[in-house]
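Chain naming follows the written order as A, B, C and D, and within any one chain the residues start at number 1.
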Amino acid sequence: MLDKHGIAKRIAQELEDGYYVNLGIGIPTLVANYIPKGIDVTFQSENGLLGMGPFPKAEEVDADLINAGKQTITTMPGSVFFDSAYSFAMIRAGKVQLTVLGAMEVDQNGDIANWKIPGKMVKGMGGAMDLVASAENIIVAMMHTNKKGESKLLEKCTLPLTGVNCITKVVTNLAFLEIKNGAFVLKERAPGVSVEEIKTATQGKLIIEGDVPEMRI
Amino acid sequence: MNKVVNNAEEAIQGIESGMTLMLGGFGLCGIPEKCIAALSQSPSIKDLTCISNNAGVDDFGLGLLLQNKQIKKMISSYVGENDEFERQMLSGELEVELTPQGTLAEKCRAGGAGIPAFFTPAGYGTEISDGKEIREFNGKKYILENSFVSDFSIVKAWKGDTDGNLIFKATARNFNPVMAMAGKITIAEVEELVAPGELDPNQIHTAGIFVHRIFKGNNYEKRIEQRTVSS
Amino acid sequence: MLDKHGIAKRIAQELEDGYYVNLGIGIPTLVANYIPKGIDVTFQSENGLLGMGPFPKAEEVDADLINAGKQTITTMPGSVFFDSAYSFAMIRAGKVQLTVLGAMEVDQNGDIANWKIPGKMVKGMGGAMDLVASAENIIVAMMHTNKKGESKLLEKCTLPLTGVNCITKVVTNLAFLEIKNGAFVLKERAPGVSVEEIKTATQGKLIIEGDVPEMRI
Amino acid sequence: MNKVVNNAEEAIQGIESGMTLMLGGFGLCGIPEKCIAALSQSPSIKDLTCISNNAGVDDFGLGLLLQNKQIKKMISSYVGENDEFERQMLSGELEVELTPQGTLAEKCRAGGAGIPAFFTPAGYGTEISDGKEIREFNGKKYILENSFVSDFSIVKAWKGDTDGNLIFKATARNFNPVMAMAGKITIAEVEELVAPGELDPNQIHTAGIFVHRIFKGNNYEKRIEQRTVSS
């Protein structure tokens, strides 16, 4: 079974040299810590930065330099600042090659729900709807089940949607799955997790083809 | 033609109850803190519709106007770092229109570009598309969104000149340039105000044609929401 | 009767302090030479400049600095360069307060034709259609009649249109007219020109109210 | 990931007959003269659709491709400083789609912003609006225009870095930034090529994310169409 860092590590293996990547808040943010060696990726922060670096040292903190999570950050050489319209221009035009974000629910059609729970205070969708409507390659990083032990990989999302038909990959504490032709295709098991456990934890249609390898983290 | 005013109090003259304002900033970064403070000192200005990506925190930024109950409606992409906001929203005192962040930016930019409506994919298939026109282009579905224009747009820049040309710093740029475009009247507060010709004409982010009033603010607080540091 | 410079001088009297102005090619360009004293105006060139100055000295010529007529020019203090989309954003948003352009025909409804003559090589509309569709205050600068002596102020334009219902004022070699409620309203006669001459040269509906004063140039 | 190529010949690899190209520039100002020259040296590339505000002059800029009959269709706002252009157009060899300049710029920007269509007032009531959807917003009539995307966009910048970030000079900026946004593949030729970090991140006009190939051109001719001087 993977912890948050394990999920981030597995997702980091999906990075390719030259990728422009947008990381959501939470587990996705951790992906930046595990970029494979020899690979050069550039992080986009939708509030207006390409080339986001790590957190600053205490003495370098600049209130005018934050990421989309409102955290103080730094920039890498070659970084660029721009306005919000330009930022979402590059997102909608598909120039951000990989988006990683968290979710409350994902379904077998690639629909995602991650912004609103009826009856609870709604904070808003931020840039998530623009991101999921535009990126060609979207990986969801989340726990396989919710706090009540219910599957978050569903036949059909029950919560208000963030986007439809958009998620291509899911990495959870239990497995790496692709979404294809209306089903979750089990590609890899997390270390020490059996196919049976994944089956039990997955409510949506699950396709298991041959021997499912264990992840190499 | 003099665009320079002395301070925030002068800059906000003419803002009246019931008007629609755009306010730049992302979180507390790049917000026009001087003008917001001045508005909060004019509690008779009420029923404002505020277009702003976020709604400040309880005691800073738009939170100050919420405390005074000066805001009737917020149009934002993400809110609720703010207890008073949550209270007013849940009690129904405050109307909230949540809009995807990119759509919000594009609605302002379009309004400031004389484009009344445009198609965007964001929110298709979600409740955001309810009641809106859907159209397919090249096999993909898009929503028709109308643009925004404000009675007053209030932005914060790093440097400005007396012709109203503006330069923003780092991620404090965010919504400021597009909101500056979309104001019937646009107010800019700046940290440094210089004479025309002192800014490089190649390097200006907002052209003065979009700015009607400008002033230098002093002692910016620039509060940080999430001070994250590495060791 | 006015020559080109006289037309430009009369139009220059319409400038107000703080105006942002776009001048078309030909007579409109001359308006910049006659800005009234004490008035500060900024010229916009739609290829991407606000704050256009006069032609450069020979040694200052810069191939990267031209106006919309492709002429080498200079900038004034406070000038700004921008891209074509931003340039037409300010035009369409109505931020350019006065547009002056030439025309082949103008009619009593404010329609204008200035880009195409059937059967002749068509060079294109450039930015004229955007300008006339957007500016609130548009002055046409032209001769009252064409080379054949036919009126260019018509009941209805005969040439392909550039814009409809958009022209508010016309300054010709003979007169200054406003377009209102489907008619040309004669506001001023050019020096030495009689109302009768203007009547004869105007094919569209002409309204003459009381004594029509002579221009003061 | 290396975006740097050695020269124009390498940069245009992959451009094939029948493709749609966008080429920056206004008149001869800010045109990608090195790539145009390289294309003219590859006369087997034909039937191009070229989106460019103008069409060059007989012996410079896009005029070179016209001489070679490499262009099937021009999409421009103003053409015909060019005898060969006129000849091909009148003979029907060359298809020409004239588009208002602001609409042309916005079509490129929209294509590069993932906006498939937008409403604009330009051309309403003229032949430009024939066959297009008309809609009224706030009492004014607008035309629905579709956006443009190119197979290759070719732009010319003043300075660039090896990540593809670009800075333009003066009015040589014009259509270049919006066309850079709208290319499936975008090629930038620059006068000065530097390492990442040497350009101020506040002052970049085109973000490298939009640029796929970049090279330094030498000995720019920068021909002037109308040399006007004051005494």
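In this text, a contact is a pair of C-beta atoms (placed from the backbone, for glycine too) under 8 Å apart; a residue touches a chain by one contact, two chains touch by 3 or more.
What you see is a predicted model; the values in this text were computed from it and never measured.
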Every chain in contact with both chain A and chain B is listed here as D
Computing the C-alpha centre of each chain, which chain sits at the greatest distance from chain C? A
Contact counts by the stated rule: is the higher one at B-C or C-D? C-D
Quick one: report the Å distance separating chain A from chain D, using the average Cα coordinate of each chain. 36
Taking each chain's centre as its mean C-alpha position, how far apart are chain B and chain D in Å? 33
Computed distance of Cα centres, chain D from chain C, in Å: 29
Where in chain C do residues touch two or more of the other chains? 81-82, 85, 88, 91-92, 134
Mind pulling the residue numbers of chain B that touch at least two other chains? 106, 109, 113-115, 120-121, 168-170, 173, 201-202
What is the shape of the graph in which nodes denote protein chains and edges denote touching chain pairs (line, ring, star, complete, other)? other
Could you list each pair of chains that touch, in label order? A-B, A-D, B-C, B-D, C-D
Interfacial residue positions of chain B with respect to chain C in the complex: 1, 109, 111-115, 161-163, 165, 181-182, 195-197, 201-202, 204, 207-210
Where on chain C does chain B make contact in their complex? 17-18, 20, 40, 42, 44, 50-51, 75-82, 85-86, 88-96, 134
Can you name the residues of chain B that touch chain D in the complex? 106, 110, 113-121, 135, 137-138, 140, 142, 146, 167-170, 173, 201-203
Inside the complex, what are the residues of chain A that reach chain B? 45-49, 54-58, 61-73, 75, 81-85, 87-88, 91-92, 111, 121-130, 133-134, 160-165
The chain D residues in contact with chain C across the complex are 26-30, 53, 76-80, 86, 89-90, 98, 100-106, 108-109, 120-128, 158, 168-178, 205, 222-231
